[in-house]
Amino acid sequence: ETLRVGMAPEPYPPFASVDASGNWTGWEIEMMEALCKAASYECVITPIAWDGLIPALNAGQIDAIMNSMSITPERQEVIDFSNKYYNTPTVIVAAKDAGITPDQAGLTGKVIGVQVSTIHQAYVEKHFASVAAEVKAYQTQDEANQDLVAGRIDAIQADSIALDAFLASAEGQACCATMGAVADDPEVLGLGVGVGLRKGDEKLKEAFNKAIETVRADGSYDAVTAKYFASSIYGE
Amino acid sequence: MRNLLQPHRIIMLLIALGLVGLIVINGNWGWLPKYMPMILQGIWRTIWLLVLSIVIGFSLAVPLGLAQASGPWYLALPARVFCTVIRGTPLLLQIWLLYYGLGSLFPSIPWIRESELWPLLRQAWPYALVALSLSYAGYEGEVMRGAFASVPRGQLEAARAMGMPGRKIFSRISLPQALQSVLPTLGGEAVLQLKATPLVATITVVEIYAVTSRVRQDTLIVYEPLFLVAAIYLVLAGLIVLGFRQLEGRGTRKPA
Amino acid sequence: MRPEAIRVTGLRKSFGALEVLKGVSISAREGDVVTLIGGSGSGKSTLLRCVNFLETPSAGQIVIGGEEVLCRADGRPKDRRQIERLRQSLGMVFQQFNLWTHKTVLENLIEVPVHVLGLPKEEAVARARHLLDRVGLAQKEDAYPAFLSGGQQQRAAIARALCMQPRAMLFDEPTSALDPELVGEVLAVIRSLADEGRTMLLVTHEMRFAREVSDHVVYLYNGLIEEQGPPEQLFGDPQSSRLKQFLKSVT
Amino acid sequence: MRPEAIRVTGLRKSFGALEVLKGVSISAREGDVVTLIGGSGSGKSTLLRCVNFLETPSAGQIVIGGEEVLCRADGRPKDRRQIERLRQSLGMVFQQFNLWTHKTVLENLIEVPVHVLGLPKEEAVARARHLLDRVGLAQKEDAYPAFLSGGQQQRAAIARALCMQPRAMLFDEPTSALDPELVGEVLAVIRSLADEGRTMLLVTHEMRFAREVSDHVVYLYNGLIEEQGPPEQLFGDPQSSRLKQFLKSVT
Amino acid sequence: MDNILSLLALSPPGWGGTLLAGLWASMQIAFGAFGLGLVIGVAGAYGKIYGGPVLRDCLAVYTTTVRALPELILILLLYFGLTDLVNQLMLAMGYERVQISGVLAGVLVLGVVQGAYATEVLRGAIEAVPPGQVEAARAMGMSPVMVARRITLPTMLGLAVPGLSNLWLIATKDTALLAIVGFAELTLATRQAANTTKAFFTFFLAAGAIYLVISILSTLLFARLERWARRGDPPRLTGG
């Protein structure tokens, strides 16, 4: 049975991006293949912009979303999720010598950049917006990183892993460093990343939950992770 | 407007009202109060970006058009190139290049962060305004070129024959006539400019379209925010059209 | 003897390879009405347009009110200011009227007096109203040109030219863009100008009218003066066979 | 007796509240030249335009070549096809020529024969060349209309109408948009058509010409036929005082 | 410099091929949308000129709303909203969901947008055709369709070309909006390349250059078309 899996074509390395030959690569792609194999589905990637993923799912143009979409209470009102398949800490990154700490005190009067309509935006709006000078929302994480380098913003908040590549780059090394993880708030930051599914699609939800257990158990989860990360990203 | 009361128009109006009513009653509008301040702010931002960029853009467009229509080649050529480049490339790319392109130069010029200009350069709206203004200037420069070129020759000849100096001919004959002939076009172009403003969301300037996308993302309600923003744009476009019609009406110089 | 208002000597004009005027000399003393006639393409309009430098002559001399227009070697005028000043003393009336469409009739009249000649506005308005009255357009001062009939537009254009108080008037086929029924009203105005002794240089196809108002008639053929003289002589007893032919074809 | 080419009976036509034609009947046998004269606004053009249904009559009957135009109760034609077919048998020549500007003279001529009547192209071209030759435009077949003089355009328009080989020709003031010098060449062509016995319905202001070519002259006044008859009678000995007045004013 | 060239190389790992593929996709969409827009435009223009009052008002609603709303909103409403509506109907009636491809939907939606503009451009041009041209054709027995095809449309072309040329350029640029439905056109390809390689400047400039070339080429072509369409226009009047 084929399954149309929605992915945003904007690159989100190392999880999902398209290379110059048009092939999809990344941890999430390989994980999708592993999960689909375990659940015996034939999965086809359907590129849909991040903005359109949930509408497309509900309009029936895709059957599942695997695009690092965190399980949040708000999203759960319109779509269902499988259990989480990864969860990573959320960090603040800023200029090396900025002396910023990842809490209200440290971010007072600062300009913070986040990717638009992510859990990070929600978190920053909830916890820091009252003290920060401004919260700026970028279309992609890369653009936020760019502006941090340019000095237009003082700090960014994002997924630790998504920022690893940036911090490892020449630009990133020159300017910035991790200032630490923010305090957890499951109501906003959610319960990790799960597969987004149409409401009431219990069959598929079951299948994905089973598949996640299977790949965790048979070692293929760790095998894929080892290709991209130094340590496990499943979370506790 | 005059004949709004023809039967078929009444039916069409009723259908429209019915649709609107259906959307209002059946829709999920619980989010509206919470986001109202943001929405108002977004509308305000859209409006001032639009108005300022049109004013700045148009004041650039007049010399651009004039240079192309009747300037010497060393003015006409750069003006022509400017208009071609602006019209020939997507506005989105122009905004990106201006904002992130310049931004990527900042790390290599450290003193810029100490300069007087830094508070301005640091913001996103100046880039948005500049990009929108240049874009409008590019398109309208072309429009003005046509307008200047199509001022009937006889009108200018009459002025010359009466001994008017060149500058006076421009300010008292060509310009007013060109303006008059482009007013209808400018109205349409202003609506196009309105529709171009959402692009500045890509550089973090939150105007009304970005606000409603934000609402959609936050609440995951798909259609109601879209309907709202559609309605807002319809109203703004309507205001522009009415405004320009007013301007046009003021100078009715042709038999109806 | 009255002083010379306009003198043109040895005027030549080419457009590219086409030589339209091949050396034409005419002169009009103050108060003279000089009429140019000739077939289509014979160069009448070009001659008139050269007189106030809407076309730059290729060669020849032009003297307006005793002042010679100074030219460079290539025939282009030396002094833009001089041209502008001389033009202000020549009221031109075009075949297509060329009233400024974005101004009312009154605004058309006072435009140059106020904004170029620096006349106080009230004075210009008074003068304009007087002239509009004279050409029978007192009621129309606030109308835009597009709302006037052709004849009314042409009369307004004449009033506009008069409003500069020019030394001489130039008319280029002032009635040929008009419906036959409207021609009369314009001719009446021009006739009254002739009667009051205005200097005029006139291109027209209305032979009867030309005969009536002119002091001197010039027949152009192919860029040259084929025949000229007082109207009675030219129309009553044409010498050149071409002129005879021409007069036959137009009446 | 020659068969009837065009018969109009009791024709009425109103534009809104304005009744322009108030019951006009005329008839032309094959080979007849019928001329309509009358003051401006008397309804001559409207009558001519009704004959080939460019205007829909309000009442009345039109018969072309023995075939009656079928109408609905409201006066609108019943059968579009019939109208199109009948129009193909009437060659109309407009005051403003109305040559198709995006086609050369030759293309203008063969347009309808080839694309409507289905004539093979070579045949149409041969016919068109012959006609162009006849109206003196053989040299101009590849020119676009805008590059021709008015008289040349009108001659091309006549050739275009002839090229359909119509049963009758309709002319609506074919010379009144022309400069006086160009009128002659068009009248010469029409005269030659009259001489070869073509049926023609002609509106003209050229009284001398009308007298010369017509078999029958109709004087329209205010939407009604005021007087009609052979030209010698109508021009030589007009009965109606209005016609007398009219003839005086136009000559 | 070498670096830039290798980034823009046609075969992977250079991104030149991807950009060109994106360009090709953009052009296809633009062609489709422009063509559909022309068809809608001709029909709409004739409807506006000769249609009854109801048709005219419906067309007025169509052209004004479509031209007042940002295309992105239209795409979201039409693509997601309409397919959602259709699917809910299908499901309610016991059928399977229908699948509308993003490309087809993109062409349809952009075509509808282009149609609104084209309607206005063509209406203006058709109305500017001197009535005598049409009357002459009718007087010679041409049927209305033939008058439109052989007289009105060719005559108005010269007037319509500048407007249509603008529409075409808009079409090429509006394809960027189809990124929302995941269509890999030029702008999206540029963003992918830029984000992956971090060579933002290089790729934005490259895309800008590609668009510029397209636009200049189209402008030249349209200018030729206009000159051809205006072949019968009178020489520009000189003198006054």
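Labels for the chains are A, B, C, D and E, by order of writing; each one numbers its residues from 1.
Assume a residue touches a chain if its C-beta (ideal position, glycine included) is under 8 Å from a C-beta of that chain, and two chains touch if they have at least 3 such contacts.
Just so it is clear, the model here is predicted, and its values are computed rather than measured.
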A-B or B-E, whichever has more C-beta pairs in contact: B-E
Chain located farthest away, centre of chain C as origin (C-alpha): A
Taking each chain's C-alpha mean as its centre, the one farthest from chain B: D
Inter-chain centre distance, chain C versus chain E - centres from mean C-alpha coordinates, in Å: 52
For chain B paired with chain C, centre-to-centre distance based on mean C-alpha positions, whole Å: 47
Inter-centroid spacing, chain E versus chain A (mean Cα positions, whole Å): 36
Of all residues in chain B, the ones touching two or more other chains: 100, 104, 154, 157, 222
Shared-contact residues (touching 2 or more other chains) in chain C: 54, 94, 96, 98
Multi-chain contact sites of chain A, meaning residues that touch two or more partners: 51, 55, 58, 146, 171
Interface residues, chain D side, partner chain C - complex: 179-181
Touching residues on chain E, where the partner in the complex is chain A: 12-15, 17-18, 21, 76, 80, 83-84, 87, 97, 99-100, 102, 179-184, 188, 191-193, 195-196, 198, 200
In the complex, chain A residues that touch chain B: 51, 54-55, 58, 74-75, 77-79, 111, 113, 116-117, 122, 136-139, 143, 146-147, 149-152, 171, 174-175
Touching residues on chain E, where the partner in the complex is chain D: 130, 132-133, 135-143, 146, 150-151, 154-155, 157-158, 229, 231-235
Chain B to chain A touching residues, read off their complex: 100, 103-104, 106-107, 113, 121-124, 201-202, 204, 206, 210, 213-214, 216-222
